[in-house]
Structures are given as C-alpha cells and as structure tokens.
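What follows is a set of structures for review.
In what comes next, subunit A is part of two complexes: it sits with subunit B in the first one and with subunit C in the second one.
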Partner chain A sequence: MKKNFHKNRKKIGYIVIILSSLIMFTPFITATLNSLKTYAQYTAVPVEWIPDPIRWENYSDVWQMTDFALYGWNSLIVTVMSVLGAILSCSMVAYAFARLEFPFKNSLFFMVLGTLMIPPVVMIIPQFIIFRHLGFLDTLVPLWILEWLAQPFGVFLMRQAFLGIPKAYEEAATLDGCTPFQTYWRVFLPMCKPQLATLTIFTFMTKWNEIMAPVIYLSSAEKYTLPIGVLQMSGAWFGKEQYLVAAAIMSLIPILIVFLLTEKFFIKGASSSGLK
Partner chain B sequence: MILVNTETVKTQRKTKKKKGPVLNHEGKWGLLMVTPYLLQFIIFIFFTLLASLYFSFSSYDMLNPPEWIGLENYNKLIQDPVFWQSLKNTIYFTVLFVPTQTILALILAVALNQSLKGLKLFRIAHFIPVISSWTVVLYVADAIFNPRFGLANDLLVKIGLQPQQWLNDEQQVIPVLVAVAVWKGVGYMMVIYLAGLQNVPEDLYESAEIEGAGVLKKFRHVTVPLISGTTFLVLVLSTITTFQAFEQIYVMTGNGGDITSAGGPDNASMVLMLYLFQQGFSFLKMGYASAIAWVLFLILFVITMIQVKLQKKWVHYEK
Partner chain C sequence: MKDISRLFIPLAGVIVLLLAGCSDTSENQEEADADAGSTGSDETITLGYYSSGSADEKMEDIISQFEEEHPDITIETQNSPYQQFFQKLDTQIAGGNAPDVWLSDGVFVQKYAERGAAKDLTEWIDNDLETDEYYGLDFNKGPEGKYWAVPQGIQIGALFYNKDMFDKAGVEYPDDSWTWEDLKEAGAELTLDTNGNTAENAEFNAENINQYGLTFFNITEGWMPVLKSYGGGVLDEDLQTSVIDTPENLEAVEYMTDGMERGIFTDPSDLQAFQSPMSPFPSETAAMRIGIYARTLAANETGVNYDVTVLPKGPDGERFSPVIANSWIINEDTSDAKAEAAWEWIKYWVSEDDVQRQWAELGEAVPVKKSVANSDMFLNSGEKPENKQAFLDSFEFADTLDVNAVWSEWVDQMTDNLNKTFLNEVEEEEALESADKDVQQVLDEFYED
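Take a look at the complex of A and B:
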C-alpha cells in the first residue's frame, strides 16, 4: 500500500510539474518563433506558429540598425562595476561583523537589520537629489555606486559564510603577523568562493535586468542600458514589431547563458534570500 | 530569521557589556572595515530619510529650494481622486497577487520535492522567467495577450468565445498583470519553499501514511503547518515588494517606456509607486511625491505589523 502511495505521489508530481513547465515555456517559445517572422506573419490572424521563411536577418538587423551593442556595453559596465563593488564591500563589512570585536558593533548590526525594513520608496527622491548635486545625473555611476557601500543582503550572506569558519585559521594568521585586513583578504575570502559566486550571480541578475534606476537617472539614449534601450526602441520600429521581440530575446541571451552555467548558485542565492 | 538574529545579537551584547568598549588594534580595524556600510547608512539612509520627511512637508520643484508648507501635501493627497484610485489598485493588485503566487509556489515545491526524472530541467523551466527583465517579459507576454494577434485570443476564438482586450481593458488589466507577475515570480518563491521543505522530517510523512493519510490530507496536516514559518516570511516579503511594484506596471502598460502614458487605460492600473514617479520625476512635484512615499511607508508598516501579530495564530513554531 505504501508503495502504491509513493507511486501516486510521483504521478501527481509529474502531472503538476509538466503542466506548469509547459505554461512557463510556451510563451518563450512563441516569442522566439515570433522573433523569426516577417511582420505580416507576426501579425497574422489566426496565429501562424512556424515562421516561414525563417528570418534570421531580424537578429542581424537589430544588431546593425540599432544601438543594441552600445546598450549591451552600458549594461555590461553597470553589471561588472556592481558585482565588483558588491563582493568587495559586502565581504569586508561582513568579515568585521563576523570575526572582529569593535565599538558599537552590535548597534551597527542592528542598523543593518533595520535597513532591510525600510522600503526603498522613501529614499528614492533624496537619493536622486544627492546624485544630482554630485553631478552624476545622466551617467552610469548612480546605477552601480551603491553596490560599493555594502548592501544588507550581501552582508548577511557573507557574514553567515565567515561565521562558519573555525577560529584556528584566524589565530594562525595572527601568529604569522597578518593584520585583520590581511587575514580577511588572504585567508578567509578565498575560503568563501561558493557564497561569493552566489552574490556575484545575484548582483549580476539584478543589475542586468534593472529598470527603475535607469529610468530615474538616464536621459540621453547613448547611456541607456539594455532593458530600457530595448523598451524605447518601439518608437522607431512601428510596423516592424517583430524586431523588438528579437531585440528582447537577444537581451536575455547573456543572462540565460550565465544562468545555465551556474544554475546551482542561483538556486542557493534564491533559497538563502528566504532564510536571511 | 530576522527575529532569530536579533536574539543572538542581544545575547552577544550582554557578553560584550562586561568587557566594555575598547579601541584596540582589532577595534580600529573593525571600524575601518565597516566604513562602507557606515557611509551608506549616514548618507543614503539616515540623511535621505530625514530629507524625504522634510520634503513631504514642503513644496519642492528641484529648481528652487524647498519651501515649508506644513500639512498641505497631505491635505491635497486626501482630496486627490487619482491617489485613492492608485491606493485601491495597489491593494487590489496585492490581494490578487500575493496569495495566488504563494499557493502556487507551495504546490509546485511540494510536487518537485521528490526524486523525479528531469528535476533539473523542470527547475530551470520555472527559473527562466525569474531571470528575465520586465522588458523581455513584455514581449513574451505580448505573444500571448496581444489583443490583435496573441495566442490567448486565438484560442478563445477557436473555442467559439469573444476575443478580449486584455491590457487595454479597464476590468482586465490588473488580473492580466497579476497573471504575468505570478508567471514571472512563482519560480523564485518555489525555490524558497523547496529550501523550507528540506527541513520537514521525512518520518512525519511516514507516520501520517501509517495512519492512512492520503496526498491531500498529508499536504494539509503535515506540510502546510510545518512550512508555515516559510509561508509567513514569503507573505511578508512579497507584500512589501508588491506594494512597491513599479517596473512591471511601467513596462507593461507604458507606451515604449513613456512614464506618463503608463497606468492606463484611464488609470485602471495606476498604482501608488507609479503615481509617485509621475508626480516626482515627470511633474517635478518632489514634495507631493515624498508625501505619497511616506503614506505608502505607513500603510506598509501597519500591514506588516498586522501580519506579525496574526502570525501567532497560524504559524507553527517547533519547540
């Protein structure tokens, strides 16, 4: 009877998961097929699923006729600068919280906790004004600079990692004459590669896809990152909307590759965000 | 978990008191190494909170210095029909979205939490919408919900029903936005639930089976109570983010990224965050926008407090 039961559970599991995977995949497949059609076929009623002829040129046209490459470059700058800032600043701050004793440590850590509770909405406008005074409007700087100032999610993730390392490593390093910073940099940081990978990938995903900050801070088209760059193409491509679909799919490809290569760390990051 | 952390911090504080604060070698390095966070806190959190509170009592267009006008922004807000409309829409959106996503995520996690063939592929399928930007989602969703040539209408016509206007219809716009948002977000919540399910001991299921409990009974009487801590967390977090939803509505309803055109048709999908943006960044009413921000903050604070209070009634904590 028990065996039967397990079989049943599996069967239901398969049905639920296959059905929902279909719901997840179908829109992507439809959109990808759409991106390979002519405009006439793209807008055909009833829907013609299979592109005929297959217009691969849609992709090369987008690449050649728009600033897609420029937007991609801007996105890359923002993403790389954010990732660098996040792993350096979060790990350093987290190390101090996890392994060092210093004045006001606990009150400061309470502040980090408190930061998580404040909805970003109340800070948007003053932050905009600060960046305006610093002369950073219409530059990429506001899109990544805050990552260099230790965001709470990364601090928690790294603090948890550092807390799990035995004290003996610290003592050995101190005997060797390392300052606390050197101990962190040479001994502890290399031991936390999985968490650093998780933080990297998470920051990558957030920044690659971010829309709100670019909308606030960027005004000239040559500064646009991919999500808003592609979004604002629609004005120029009236009557050729299949190009927009191709551009959108193209902007997904880099993050999709990163995701497929590092799926394990994505899942880790997502689950730890629930367990902070 | 946040609550647990504060507990440990409290006990740490007690032990520290005995030693008393000393600025030795280690203390100096400690302070130096937390400097990035200190900078952030002072400039980008403490200062911005004060400034934003001050702006909410001022008239401020960014060209001239802010001018104190007392409660005028808040008075205007109470009489602003678009504000009430966006508050109503925000609540409607949240009430539809949060429970739907939570329930579906739990069901999917339970279905996935066993040794199935192709497990990895299924997980990837549910995570691709999570890693897509809202711009990608816009065009992917358009393949389904385009009123002229989308798949959904194609299907409706085939089974003899009327084609719908979807995002262009005042009644349908929010439910369609919610459906798309659930589609995009459910994989993420599912992974959080999967992590929570790892902590449910297998022997509880086995003893339930011996007592003859079926799939549904086990789900209701074993899984749901034991996972309620995760559910609480998921509910609180997703309520907070949903109340501040901006990107999805801006992208899905705005015309090619034009912020003043978003929130339609006829304000039917205007939410608080979008209204704040339009008032602040399109019309440069920074004071008025700050007042909206603080009202939003207060509402969220009250909702979170209610959730924390109600938690004792249904969240099962292991002793």
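Take a look at the complex of A and C:
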C-alpha cells in the first residue's frame, strides 16, 4: 500500500514536471517554428503553427545578410572579459568581507549592498560622461570593464559561499604556510565552484543579451555585439520578421552551450562540501 | 592549482594594453579633428539616424554621393533602431556628445528645440530655401515662429481600404464624400464574426470576430484624426493648455467606443491577438485602416489588393489628416564650421531632385520637394496604391499631432485614459474629464516656471 502510494507520488511528480516544462518550452518551440516560416505564414490569422514548407533558408539567409560571425566575436570578447572580471573581482572582494578583519567591515559591506538599490537608469549619463573622458566611447571596454570592479550581486553571492566554509579549513591552510591570498586562491575558491558557476551563467547571460550599453556606447557597425547587430537588422527586415526570430534563435545557441557546460556544477553544488 | 601570479600578471597586462589601446586611438582622433579644424577647410561631421525599413543602405549611398560632391566634408554615421536611437541620443545630449546633425522623428522636434538641443535654423532657411517649394517646413515651426528642423520625409495619413474585401461584400469603395458615419456603416457590412455574420446581422457575435471593418490604433492612426475632424483636439494653439473636455471630443469618443463595442473597429485588446498592432490590414484581417504613407510598405509586402483615399469628414464637414515631418536637426552645441557643413548636407538632401527621387523610390515617405512629389515618378510608380494623389491632397487639411516639448508624456496620459473607455471600463465623460486633468498636469509641470 505504502509502496504503491510512493510510486504514485513519483508519477504525479513526473507529470507536474513534464507539464511545467511544456509550458516553459512552448515559447521556445513557437519561436523555432516561427523562424522556419515565410512572412505570409508568420502573420497568418488564424495562426498556422506548423511551417509549410519548412524554410531552413531563413537561417542561411540571416548568416549571409548580417555580419553574424563578427557580431558574435564581439559579443564573445565582451562576455568572456565580463565573466573573468566578475569571477575574480567579486570573489576577492567577497573573500575579504567574509574572512578578513578590517575596520568598518560591516558598514562597508552594507554600502556595497546599498548600491544594488540605485536604479541603473540614473547611472547611465554619469557613466557615459566618465567613459567619454576616458576615451572609451565606441570601444568594447565600457561593456565589460565595470565587471572588473566587483558588482554587488556577485560579491553578495560569493560572500555567502565563503561564509559557509568552516574555519578549520582556513586554520589548516595557515598551518601549512599559506598566506591569506593563497588560502583564498587554493583552498576557498575551488570549494565554491557551484557559486562560481552560478555567477558565470548570470554574467554570461546578462552580457550576452545586453542591449542598453551597446546601444549607448557603440557607434560603428564593426564593433556591434550580437543583440544590437540583430536589432539593427529589424528595420531592414521590416515585413520579414521571421528572419529576426531565426537570428534570435541562432544567438541563443552559445548560452545553451555555456549552460550545459556549467550545469554539472549546479547539481554537484550542495553535496560536495563538508569536512571528511 | 598553478601559482596565482602566472595567471594574474599576463591578464593584468592584457587589460592594460586593451585600455591603453582604446584611449590612445581616441586621443589621436581628437588631435586629428583639431588639426582639421585649424586649417579651416576639411570638416568631419557626425550624422545620426534611426534605421527604418530597408532604407539604411540607400542612406549610406546618398551620403557617399554627397561626399563625392563635397570633398571637403566627411560624414561619419551613427545609426540604431528607432527606440534605441532616441535612448542613445538623449544620453549623448546630456553627456555633451550628440551627433552634429541627426534625424529626428517629427514628434520629437519640439522636445529638442525647447530643451536647447536644436539649433535655430530660421535664418538659414530664409536665406537658402524657397519655402514654397517644399512640403512640411512649417510643421517644424515652434509657437514662436522659429524653424528648428528641415523635413527629411513626410508621413501623412489617408484611408487605406482592401478592394477585394469591399468587392466581396458588395460595398462601394470609399471616396472623398465619406463622413466617419459612412465609414462605420460600410464597416458594419465588412465586419464578420466566426460564423460569417456581418455586424448588421442580429446573430452577430461581437466577441468572436474574424474580420474587422477598421483597424484602429493609438493616436496617429486612431483617435487624433477622429477628434480633430469632429472639431475637437487635445491642446489649444499655444500648446500649453488642454482642451480635452469638450462636447466635440465627447461626440467623437462616443463614435469610436460605439464602433468598438459593435466589433467594427479594433479595440486595444483585439490588437493584442496580432503579431503587431500594425498587422491587421496587411494580413487581410481588417478591411480598412487609417494609415500614414509608410504603411504602404507592409501592405505591398504581403500583396494586399488595396487603394487609398482621403480620410473621412466630421459631422460638420471638417477634415483632418495627421502629419509627421521626420526632420534633420543640427546640434546647438556644435562648432560653427561643423554646423555649416551640416547645413550643406541638409540643403543637399532637400533641394537636389536626384536625391529626393532616390529616396522616394524606397516608398518610405512622401518626398519633401513638391516638384518630385508631384512627378510621375512618385504618383505613378506602378507600385500600389494607385491613388497616391490622396496623400498629396491631404496636405490641404493636414496638421501635426499637437506636438510640443512634452508630447510623449501627454500622449501616454491621454492614451491611458482613452483606452479605459475603449475597453468599456469607464464612461466616455469620465475618461475625458480625467484625461483633461492628467494632460494639464503634465503640461504644467514643464511649462509653469
């Protein structure tokens, strides 16, 4: 009886998971189907769900009509530099807040968190003026440099991770002759891989999809990142919106790859910690 | 794990190099600019424009033709899609780094003018341009009579109708004798529910519509032409006072809500069922639309069999066509030499027949130069609609959309209030009363110092 109930509960669980993932997946499937339609089909009322004929050419057309590879490369530079910057700067600052003693530590930490409350729009113009004076306009630098200055969300995330590691590790490392920096780098950082993976995915996704900053800082087409490059085409693809969808799907692929690569760290997460 | 320094030092080096590389080039650039300025001959200006249609390539093409004819002027372009372009522009203006000359949506010209970002072009226009030869120069005049911009292309409203749908329903095509009531009557015969009943049929189900009589969207292609031809409107002549709460507007709004309730006109929630609020007409789900000239592009793209005529009259015979003159603006902060170079570009754009013709060929906008707009090339291009003359005839009763420095802000307030009554949430009187208050508040916040 009890076993049966357990079995059923598992079944119900699966049904719920399947249903909810179907709901989550529908927009993605719709978009994929839309990307394979002709414009007439794309706008048809009532909606024609299944493309007929399937236009794979939409994808090759997009590849030929845009500098997709160039925009992708620019996006990659921005994203990789951002991820590196976020991981290094956030974890260092967070380590200091979590494990080191210095005056005004707590007030400073609250100040860092406080900056999370400043709405980003009010910073656009001051940042623009600063970058202008630094001569960074129309370069990729403004798109990633801020990540090297320890963004508060990442600091908070990493600080919580470091706080969760028992002090015994730190003592053991000190006994073995580690400096505080070596303790951070060799002992603590490797133990926080799940959080680093989280930070990586977050930063990757935000930067890969970012529109506002590239629009404001980039002027020449050869510096465009993918979202802005694709958006740029939206005018020229007026009446051919199926291309926009195809381009959007194409620019999703790298995010999927990064997610699949870092996914195992998410799952390992909780289980791998603790002293043996 | 490897020693930290092995990773960090090269990484730091890379960053320093990247940063140095960037700031270096821009300094050189500035020096180069300064040198060019001191010799007094060669001028490099930046030109900003928003991408529209398939027009970007043509724009770049015309720019290089200009550079060939003006070897002492070099133009660097900055372009982005519409929404992003204006976000960026506002940031650039605040940061003191706006382009020397830019293309502005007609409805934003006064915003830049009254905030001191646009250069006063009155003198140059008076000296260099025959104002009678162009459409729309006056649409950029502020209330004080100064010219702030020169039109790049003109969007003017007309009534689009789907000939096939009219034929099928056996309804006569619209013409210049139509009033808005005539439109609604014809619209009723052209509105079909899922069972094929027209809006005149007793069994008609207004909840389940397959084909609308008229697609109706927002201000330009929705309520403004109706309000104005009923003798109403939003702002009075000084553009600082709301005149929303009037009997004329009430009559117009009641006309519109009745049309929406009966399912003949699309209401704001109907439009959400479409890929875009622009798609009912090109996808042949609506028999008519109020449309600016640029809407011919989408209709031609999907191959609708359609034509246009002037917009209907109000009950007292008054007619109104909305007009938006998208225009070139020169940056108030730019140097005199650059401003003059920018003026050369503007003159080249509006006065060269060949340039006007090349731009008109795209079918994006009504040409600014009257001689080109009235030529065969524009009127009888072979592309639909056949009766392009209707757009030109509409200039006689065309006006702007009560454009002032806080246009976007008051339009938001007005739209919110009107949508509530369009969706049957509040009575018409109440909506107008509340819109009047909200719009006046927006105006007072800006003008009352």
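The definition used in the following text is that the second predicted complex is superposed on the first by the 208 of 276 C-alpha atoms of A that agree within 3 Å, B and C clash if a C-alpha of one lies under 4 Å from a C-alpha of the other, contacts with A are read in each partner's own complex, and residues count from 1 in each chain.
The working rule: a residue touches a chain if its C-beta (ideal position, glycine included) is under 8 Å from a C-beta of that chain, and two chains touch if they have at least 3 such contacts.
Since the structure is predicted, the reported quantities are computational estimates derived from the model, not experimental observations.
Of the two partner chains, neither subunit B nor subunit C is touched by A:158. Looking at the superposed arrangement, the partner reaching more residues of subunit A, out of subunit B and subunit C, is B. Using the contact criterion defined above for the overlaid structures, shared-chain residue A:118 touches subunit B, although it does not reach subunit C. Applying the stated contact rule after C-alpha superposition, one finds that A:137 touches subunit C and leaves subunit B untouched. In the superposed model, A:42 makes contact with both subunit B and subunit C.
In the superposed model, A:10 lies in contact with subunit B only, and not with subunit C.
Once the two complexes are overlaid on the shared chain, A:181 sits against subunit B and subunit C alike.
Once the two complexes are overlaid on the shared chain, A:95 sits against subunit B while remaining clear of subunit C.
Where the contact sets of subunit A with subunit B and with subunit C meet, they give residues 42-45, 124-125, 128-129, 132, 148, 181, 211-212, 215-216, 228, 231-232, 234-235. Of all residues in subunit A, those touching subunit C in their complex are 39-40, 42-45, 84, 124-125, 128-129, 132, 134-139, 141, 145, 148, 181-182, 185-186, 190, 211-212, 215-216, 219, 228, 231-232, 234-236, 238-241.
On the side of subunit C, the complex with subunit A involves touching residues 1, 4, 11, 15, 18-19, 22-27, 50-57, 76, 78-82, 84, 87-88, 91-92, 94-97, 273-275, 279, 282-283, 285, 297-298, 301-302. Subunit B contributes residues 1-2, 5-6, 9, 12-13, 16, 19, 21-23, 25-34, 36-41, 43-45, 47-49, 51-52, 55, 62, 104, 107-108, 110-112, 114, 116, 120-136, 138-144, 148-151, 154, 157-158, 183, 187-188, 191-192, 194-196, 209, 214-215, 230, 233-234, 237, 240, 243-244, 246-247, 250-251, 255-257, 259, 273, 276-277, 280-281, 286, 289-290, 293-294, 296-297, 300, 304 to its touches with subunit A in the complex. Within the complex, the subunit A residues that touch subunit B are 2, 5, 8-10, 12-14, 16-18, 20-21, 23-28, 30-31, 34, 42-47, 89, 92-93, 95-97, 100-106, 108-113, 115-130, 132, 146, 148-151, 155, 179-181, 184, 205, 208-212, 215-216, 226-228, 230-235, 244-245, 248-249, 251-252, 255-256, 259-260, 263, 266-267, 270-276.
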